[in-house]
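Common to both upcoming complexes is chain A, partnered first by chain B, then by chain C.
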Partner chain A sequence: MLIDRCAHASPWRRISPAAKGLFALAALLGAYLAPSPGLALGLALGLVLLTLAGARVPLPDYLGAAAPALGFLALGCASLLFSLGGPGGLAPRFLPEALDPAARLGARSLAALAALLFLVLSTPLPHLIALLRQLRCPEVLLDLMVLCYRMLFVFATVFRDGRTAQAARLGHAGARRSLRSLGLLAAGLLPQVWLRALELHQAALLRLGDGPLRFLAPSFPRARQELAWAAAGSLGLLLGLGVLA
Partner chain B sequence: MHIMEGFLPVAHAAGWTLASAPFLAWGLISLRRRLREQPEQRMLLGVAAAFAFILSALKLPSVTGSSSHPTGVGLGAVLFGPLAMVPVGFVILLFQALLLAHGGLTTLGANLFSLGIVGPFVAAGVFRALRGLGASLALGVFLAAALGDLATYLTTSVQLAWAFPDPVGGFAASFAKFAGIFALTQVPLAIVEGLLTVAIFNGLARFNGEELRRLKLLPGQEARA
Partner chain C sequence: MSGEALLRFAAVCQRYEDGSRGLEECSLSIRPGSRNALLGPNGAGKTTLLLHGVGLLRPARGQVEFQGRPLDYGRAGLRQLRQRVGLVFQNPERQLLSASVYEDISFGPLNLGLPEAQVRQRVEAALGAVGLADCRERAVHQLSFGQKKRVCIAGVLAMEPELLLLDEPLAGLDGPMRREFEALLEQLAGQGITILLSTHDVDFAYRWADDLHLLAEGRCLASFPARELPRQQALLAAAGQALPAVLGLHRRLADLGLLPDEPPRSLDALLAALDGAAPDLKRNPA
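And then the complex of A and B:
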């Protein structure tokens, strides 16, 4: 997972997730409050620069993480420029009056996406789960998150092992065998992981672990200071948008 | 599905979040009770969440700031029931946003309503109705997964058409546009998801039959879908 890898490599992973979360929230608010597409685009650009220069996310990785969403956005905005109704029946018709709303929507979504990427590319998921725990998110939901995160890696391991075993038995020699192998692997993946999960549960029970999986929470010694800076930055951002409006 | 970050107007984003919140609370209460009675299902729910995450990460670009992909929630709804899938759907969507920038935090409520609520309830309803009518396990599982997937996409189309009605034809024309273009990719994907779910169910019945019997999905000797 590209985003997870970037977040673990970013020097800003040591900054309190509460501070980054607060700033990202303010930026999301800013994306919605920006009075013009130009300001929303300016906000998006600022957030991109902050993520690239501050969180030291390499540009190719940033583009890789943003590309699918950007593709969806381009198609989405383009589809709003056409109508299927009216006297022409279901024939698509260009709507010049939709240009302005589509531009506003595109700029807002870009700014919101940049805010999301700022947070996730600089904060590893376990830190965000720890933040949710601090915010009193229900324990059962947190447990489900921890298990899901763990199981993603188990799935990856089982898939890799299965694929290697199939390749060793020439299961990918030719398109037809390759397709059959892929189908077998896809159908067998879940039952295998299911068995492993049951074994994990039994192993935990043997160690008297019958509650949620808990890990050491990461510590952020300068969290208060960082939160204060983030609060100031958030306020500045929102006030700045208000003044420019 | 998975409407992208910032794509919905603020009133729609807030409205769908409010609409999803009671279902999430209900799902959490039900899940807590269930895990107290059957703690071994914790791990299996984690597996179901991770599986649905992986399936829904296999995305194809689609129109309107959204994407097409299998949902993976049909299998979970058949195995654990639709209520358990609401918190599972929430975790999947949150992880999709945080790990893949797919979907978003502002659109979490809307995406949860389609993928975590409508999809699983339709899948579980179809499965129970078909089994009640005496249909085979294979047909029940196939149609539950395929129709749950399609219901998710129809809900996303409704959400988008409501947020962005056609200036000329209104909601109906907009819905026809979104649902029609989604259908190009989604109908084949739903069929593939149905077939894959049957294959997986057969695998589970073969290697994990005892668990399926405990979930009351395999009565007695019926061991393959």
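And then the complex of A and C:
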């Protein structure tokens, strides 16, 4: 929800998703090819600044969107740096020889994360799906993406309403009741999923949609220029990394 | 209500799989270019009737006809029908397939096989018609309930149907939204689109519709021009509907000799009639 809100609020949502996708791809490649952790961190910092200043994503929202991935990354680096077991029993043991690989992995991952966040925080998902459609992604995958994205918000609303109704009748007074109420809510959602699937199928049929779900994305009148700018920026980024290396 | 019907239900019977009644010998006709309101209590069969109108349900007995021909329930027949008849569900969440306003409206015209330029033209026209031109870039989950309903209508309008079926379009709308919606309905009817809608709002139905259809327990009790409603009070009561407020008020004022016997269709019309009678009232206040 946070990512979706940022993407729809960003002034860069009007920029061609192909241009932003190309630049993000170049940044991902740069993260992978960065010869040193320092350069990868520099790239990550540049991308973060670009997203905050250019795409106008508020810092708290950025940190909120990055937090889960940063948590996984911290866990991954810690598992490289520390070992459990050995002569000291189960106490964690620091591995100095893992410092280098952990720094490389951490810095590259941060840069890759920043590249992806740049793309998703400035591009609404329907635009990304439209881009994937242009790139000839299989229709069935696109249909699933469209429906999952739509249903995510429908069921978030149903879940929130159900939870509020339970709370209003003391369904969440205490841990045991709360657990029971959540179970009831989850069980209640299942038939609703089936019903909603049937209803959406009927709705699609009424508008002659008996095949793949086809939509027309908004047009981006300056897409060519933006793509050219993105290509130049991508080339500059990769060349810059090469020179600094 | 003479002349060839655009849509006709001829003694349609249908039961749902759980045994509950859908329609029972239900017969009614919709004239081309007319504004029609279905009135009836919950469970009367209003939604079921609308689903039959687009071939989503099939009668067990009786038949549904479009332009004098029985519906063809084959794939090609239904495709042809749904190019000409559009249905807007009561709950917009049931109808919106895409999370993007622009994309969702484009869904129908794309399925008609129209070229991209024409689809874009139709989407823009539909957005303009429902007053959502500024929302084209927004996600549907960011819209209000009323705006979602408008997106649903735009999605159907973009297919340029001849007959528009609306299931309780005013349900859940606040006062200003209802007024906007009524203006939209007025505009659509003005474009020559035949409209059939279900509603519980007898005041609105009397004010807006050309023809009223009263449903109860799966049957159509009566169809008549809306202007005849003052003379159909018994049928109205049988369909579980109250008399429009304006008629009660008019009756009292007419009994007092303040207004002529011809009843107005809306409070605005009644106020205008009172204003017209005001000079007389001033001359003869008693």
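Of note:
Operating definition for what follows: the second predicted complex is superposed on the first by the 226 of 245 C-alpha atoms of A that agree within 3 Å, B and C clash if a C-alpha of one lies under 4 Å from a C-alpha of the other, contacts with A are read in each partner's own complex, and residues count from 1 in each chain.
The criterion applied here is as follows: contacts are C-beta pairs under 8 Å (C-beta built on N, C-alpha and C of every residue); 3 or more make two chains touch, one makes a residue touch a chain.
From a predicted model like this one, the values you see are computed outputs, not experimental measurements.
By the document's definition of touching, both partners, chain B and chain C, reach A:Y149. In the superposition on chain A, A:L200 makes contact with both chain B and chain C.
In the superposition on chain A, A:Y32 makes contact with chain B only, while chain C stays out of contact range. When the two complexes are overlaid on their common chain A, residue A:A187 makes contact with chain B while staying clear of chain C.
In the superposed three-chain model, the partner touching more residues of chain A is B, compared with the other of chain B and chain C.
When both complexes are overlaid on chain A, the residue A:L125 reaches chain B and chain C alike. Once chain A of one complex is fitted onto chain A of the other, the partner contacts of A:D4 extend to both chain B and chain C.
When the two complexes are overlaid on their common chain A, residue A:R214 makes contact with chain C while staying clear of chain B.
Contacts of A:R13 after superposition: chain C is touched, whereas chain B is not reached. Chain A uses residues 4, 125, 146-147, 149-150, 154, 200, 210 to touch chain B in one structure and chain C in the other. In the complex of the two chains, the chain A residues touching chain C come out as 4, 8, 13-14, 124-126, 130, 146-147, 149-150, 153-154, 157, 196, 199-200, 202-210, 213-219.
On the side of chain A, the complex with chain B involves touching residues 1, 3-4, 28, 31-32, 65-66, 68-69, 71-73, 75-77, 79-80, 82-86, 90, 93, 95, 97-98, 105, 108-113, 115-117, 119-120, 125, 128, 138, 140-141, 143-152, 154-155, 183, 186-195, 197-198, 200-201, 210.
Listing the residues of chain B that touch chain A in their complex gives 4-7, 10, 28, 31-32, 35, 39-40, 42-47, 49-51, 53-54, 59, 61-67, 75, 87-88, 90-92, 94-95, 97-102, 104-106, 164, 166-170, 172-174, 176-177, 180-181, 196, 199-200, 202-204, 206-208, 211. Of all residues in chain C, those touching chain A in their complex are 54, 56, 75, 78-79, 82-83, 86-87, 89, 93-100, 102-104, 106-108, 110-112, 116, 119-120, 123, 136-142, 155-156, 159.
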